[in-house]
Amino acid sequence: MTELGKRIRMNRILDPVTKTTIIIPMDHAVEGYFEQLEDPRKLIQSLVDAGVNGFLMRRGLAKFSSLQFAGRVGFIYRITSATSLRNKVTDQSFVTTVEEAIRLGADAVAATVFVGSEDEKEDLRMFGLIADECDKWGIPLLGEMMPIGTKDAVPFDGPYSYEDVRIAVRVGCEEGADMIKTYYTGDPESFKKIVRYSTVPVTIAGGPKIRNVIDILKMVKEVMNSGAVGICMGRKIWTYENPPALVRALLKIMVDKASVEEARIELST
Amino acid sequence: MTELGKRIRMNRILDPVTKTTIIIPMDHAVEGYFEQLEDPRKLIQSLVDAGVNGFLMRRGLAKFSSLQFAGRVGFIYRITSATSLRNKVTDQSFVTTVEEAIRLGADAVAATVFVGSEDEKEDLRMFGLIADECDKWGIPLLGEMMPIGTKDAVPFDGPYSYEDVRIAVRVGCEEGADMIKTYYTGDPESFKKIVRYSTVPVTIAGGPKIRNVIDILKMVKEVMNSGAVGICMGRKIWTYENPPALVRALLKIMVDKASVEEARIELST
Amino acid sequence: MTELGKRIRMNRILDPVTKTTIIIPMDHAVEGYFEQLEDPRKLIQSLVDAGVNGFLMRRGLAKFSSLQFAGRVGFIYRITSATSLRNKVTDQSFVTTVEEAIRLGADAVAATVFVGSEDEKEDLRMFGLIADECDKWGIPLLGEMMPIGTKDAVPFDGPYSYEDVRIAVRVGCEEGADMIKTYYTGDPESFKKIVRYSTVPVTIAGGPKIRNVIDILKMVKEVMNSGAVGICMGRKIWTYENPPALVRALLKIMVDKASVEEARIELST
Amino acid sequence: MTELGKRIRMNRILDPVTKTTIIIPMDHAVEGYFEQLEDPRKLIQSLVDAGVNGFLMRRGLAKFSSLQFAGRVGFIYRITSATSLRNKVTDQSFVTTVEEAIRLGADAVAATVFVGSEDEKEDLRMFGLIADECDKWGIPLLGEMMPIGTKDAVPFDGPYSYEDVRIAVRVGCEEGADMIKTYYTGDPESFKKIVRYSTVPVTIAGGPKIRNVIDILKMVKEVMNSGAVGICMGRKIWTYENPPALVRALLKIMVDKASVEEARIELST
Amino acid sequence: MTELGKRIRMNRILDPVTKTTIIIPMDHAVEGYFEQLEDPRKLIQSLVDAGVNGFLMRRGLAKFSSLQFAGRVGFIYRITSATSLRNKVTDQSFVTTVEEAIRLGADAVAATVFVGSEDEKEDLRMFGLIADECDKWGIPLLGEMMPIGTKDAVPFDGPYSYEDVRIAVRVGCEEGADMIKTYYTGDPESFKKIVRYSTVPVTIAGGPKIRNVIDILKMVKEVMNSGAVGICMGRKIWTYENPPALVRALLKIMVDKASVEEARIELST
């Protein structure tokens, strides 16, 4: 991450001083109904005020809510899509281009690849060509790298073998990602190995299984101890009863290196 | 290999004086976990110092380790990919472009084609279009030409019929490769026939079967006697206990035309 | 064939005075091992000296043997490919572009289409797009038009119905070929009908069945009497014991309109 | 001159066996009335039959007379122009492109540069950009390099200082010409120095002053002895009473290395 | 100089270990007759062997002498030109493109700008557009930045005011140069100020005035002490009686930080 364009844009989604990031995905509306996404402008405003580093959005919501976030925090433009009506999440379609990302003022693009899927040949090609364009235009590529696992139909139902996640993450690095988003393996020891095998910064997705907010704090504490730079976590945050408070608690852990006990105080502020 | 751009770049990966080359592939991280690839910067530096001619890398590791090799040895940019999670090595995806290779400062691009596979129609087309671009921009194309063999699922488990390898190699020549990488057939007589049927310089891959370092030296001695220009050999070299020593021993054989006995002295230096 | 670029280039592969052509395909090395193609430079030189009009080659051999033919006879660049390892000759891949043909200095491009195959939709589109480019750049397109026949797996095992060949040839004409190569039907009466139905000059391929050199002369005599302009015949010529003598005998028939008896004298010169 | 496209095309205008060339410019009709250019088709046919290597023409005459020369001899496409109505020959306009040359089937393009003129800055740029395109497409560039001399208005009224011609010629070489056309200096000693300072083959223009056909033969004899590869001479040849005879006499000198006395015999055949 | 393409190429013309460079310009043949440039292939070979880092050439000489330098040392492609026949050195024409530099395999491009000239508006625009292309393709730009001075007609007749040189150098930096070539001011104190004001590495041109080889060594010693990274010096080196010896003496000073007394010993080797 050294040339000027990539550095400027990367610094907008990954704090260059604290080396941490909280990115809030709000790209889920193609995957189902979420009341929080109906008109999320107040939510977005509150998350900006709470100190998030950026949002991961499709162009629709980004245009709709631009007054709330534009120029204040980073904007990561999602360029792959798969709907709940099709209901085959591994069939990610590359629905837009890096040139559109530039026109939209995005600071980065994000693509999901299910490594090991039957369509891998096509998917890797699309991912690589997007990476070419990102290098050409100086815009970072966030690779959401997921192992297809042995359970093809239900990829979100891990835990995954950490070896599979490790390969998937490195595939992203090798084929052009500037930052990685992947699933937390559930234990810091194995995740450390994944972070070490990555040649670029790693963030974690929210993942499917945790229901208790304290467990989220614990998970993020572990993840940061593993060497990751942060989180790219949407539903876990904006379905919580007080999203800005959760963000503040997470920042305590991530930026101030607070303990979970110290951080949870923020939840009641 | 006569026009200026191709000549300059080719001379950076194939020594124009000795007519030999040692290229070190380090593109395996998409195919599994290798501790040597976790942070190979010291390894790369030691191989540069030992006298290798170039590295075959994907863009991720190339960016990560640029301080160690940039401008000192050749950089061959791999443009095809297939992961161990998919585990179908013949499904090589063309993941990037010659224009990206230029932006990255590569001296050559490398593409793998499994000749005879079900996807041959598509794969040959992709290979040929890359060759067009290489001719347009004056950058050499290293064709990794492998016969699909009769055992589709396990193409790395030869030995192959030398007749199949011979055709596969010539397919690379005819459709635009400027240098060939293929498997050694295991005996110098048959490999001589392959080299003779090639219209461009031939190098060998490490291949799967040899475990003893002396056998590697013997193999390379045979290969050079067959008329090949060198080796494109990664794991056999960097999983050895002392990679620079092995490179120096190989250079003894390749450049100084030493015997295996003479060369093995380098292993203990 | 009136615009300047097409006329100039066509005249280099089809003699404008005698209205005949002998084109020597040497594009077979992807289809098997031929000792004559191992290093055909002397062979090529001898064929140039004997008076052939051009060679049909892929880029590999063309680059390898350029000193022997460059600028002395025509160069027809083959842009489709199918290997013997895949062993499905009807799966022709369009492996290169008209722009590459220009860079290589080719006088024409040649594409094979198996008319009626399962991939016809894709193949005709590729053929037509190449024809578009040929019209744009003023470079002739040699269409190798073959009816798929009823025996899909063994297309070279004619005789074909001449009605099928006639349609296949006209498909080439209609979709953009400037010259046709097809199989001889085996009798001059039916072939006359094919030539009459073609709107562009017709040449014949060597075909698989004749083993006697006199039979080759007889076939070519018949073919010329049918109104064809010549032959595009490789293996029959360069596997003969004295290729230049055979070319001279064929020129006797084609240019001097000699009888087979008169022409065969050349074979012993 | 080694890559395939340039080699093929160059060999069509410079005989690769004899290393000589007779190119006949017929591009003068923008500079005045010449009765020989009114309908030069018979003249062109007779020159083709006499053995010239190529014609230097604008596109108008090339289209008009294509039946006479197309595909039989080389076609060098003139891409600069200056009319006699403007009457400032140094104001050469770049009137067409290399892409048009390809469409027209040209084997080379020719551009005139008056080195040292007031417009040098613009002219060198145009020349260099044409050279870029020639390298891109594999088509040779014939540079007509003329020193502007001290007498700006009458540049054809030499003799020139050979030092000036030498620089002008080398400017052509350095900025991308593949072959040079320039004025003969009038003595073989100085011209040898010019040829030696050129990095590409040199031909001479007819020049303005000789009126006797024997003097033409003498001049060409001297020029060939100086190391030049041939002549690019129009009016001197086609205003002579028997142009094909003059071409045959010149070929005697150039190809057979005949003396002027031996060659003049051809004039009366 | 951090992105991969620029780093790789820059390291080929500026040694990344010693942080020094000796670049030999041989682009003068458009400016006059130099016997050393008539056929400089042996000279080039001897300079390669002596350890220079690269040559600054136009495409003509680069093609002519490619066997001597290709792939062994850096190749900086000159993209501006002005001839001695025009004799207005400040009228530099941008004669070629970055895309051509890529086709030719160049490691960098070099453009001369006379800052403050009447054509500054056009020249800066051309320089900037070239810099744009260099950033796009990852190829360094060597800016030869010269103040126009007060004596327009004789710009090589300094000494210049160091303040003018300082501005000119910084203009190069600001408008896109990755390395600077300028004239030495003649004293290390003023040159230090110039180097300090430059944001990229600085090299010096040979300049017109020194005639004694010891004075060259002294000048280079001073220049290195001023913080410059090296020299871009042609005539001073290749018109010396023993060019490789001079290069070795200069390397003593530049790489080994030898004194002039120590270095001059190399002159007699």
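Per-chain residue numbering starts at 1, and chain names A, B, C, D and E are given in the order in which the chains are listed.
Note that in this section contacts are C-beta pairs under 8 Å (C-beta built on N, C-alpha and C of every residue); 3 or more make two chains touch, one makes a residue touch a chain.
Everything quoted here is computed from the prediction, not taken from an experiment.
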item	value
Copies subunit B and subunit A - interface residue numbers shared by over half, same or different	different
Chain whose Cα centroid lies at the greatest distance from that of subunit C	A
Separation of mean Cα positions, subunit D and subunit C [Å, integer]	36
Euclidean distance of C-alpha centroids - subunit A vs subunit D, Å	66
Where subunit B and subunit D are represented by their mean Cα positions, the distance between them in whole Å	48
Junction residues of subunit C, two or more chains touched	59, 63, 103-104
Of all residues in subunit D, those that touch subunit E in their complex	115-117, 120-122, 124-125, 127-129, 131-132, 135-136, 147-148, 163-164, 166-168, 170-171, 173-177, 196-197, 199-200
For the subunit C and subunit D complex, residues of the former touching the latter	4-12, 16, 59, 62-63, 66, 70-72, 75, 102-105, 136-138
Sites on subunit B touched by subunit A in the complex	27, 29-33, 37-39, 58-61, 63-64, 81-87, 91-97, 99-100, 103-104, 119
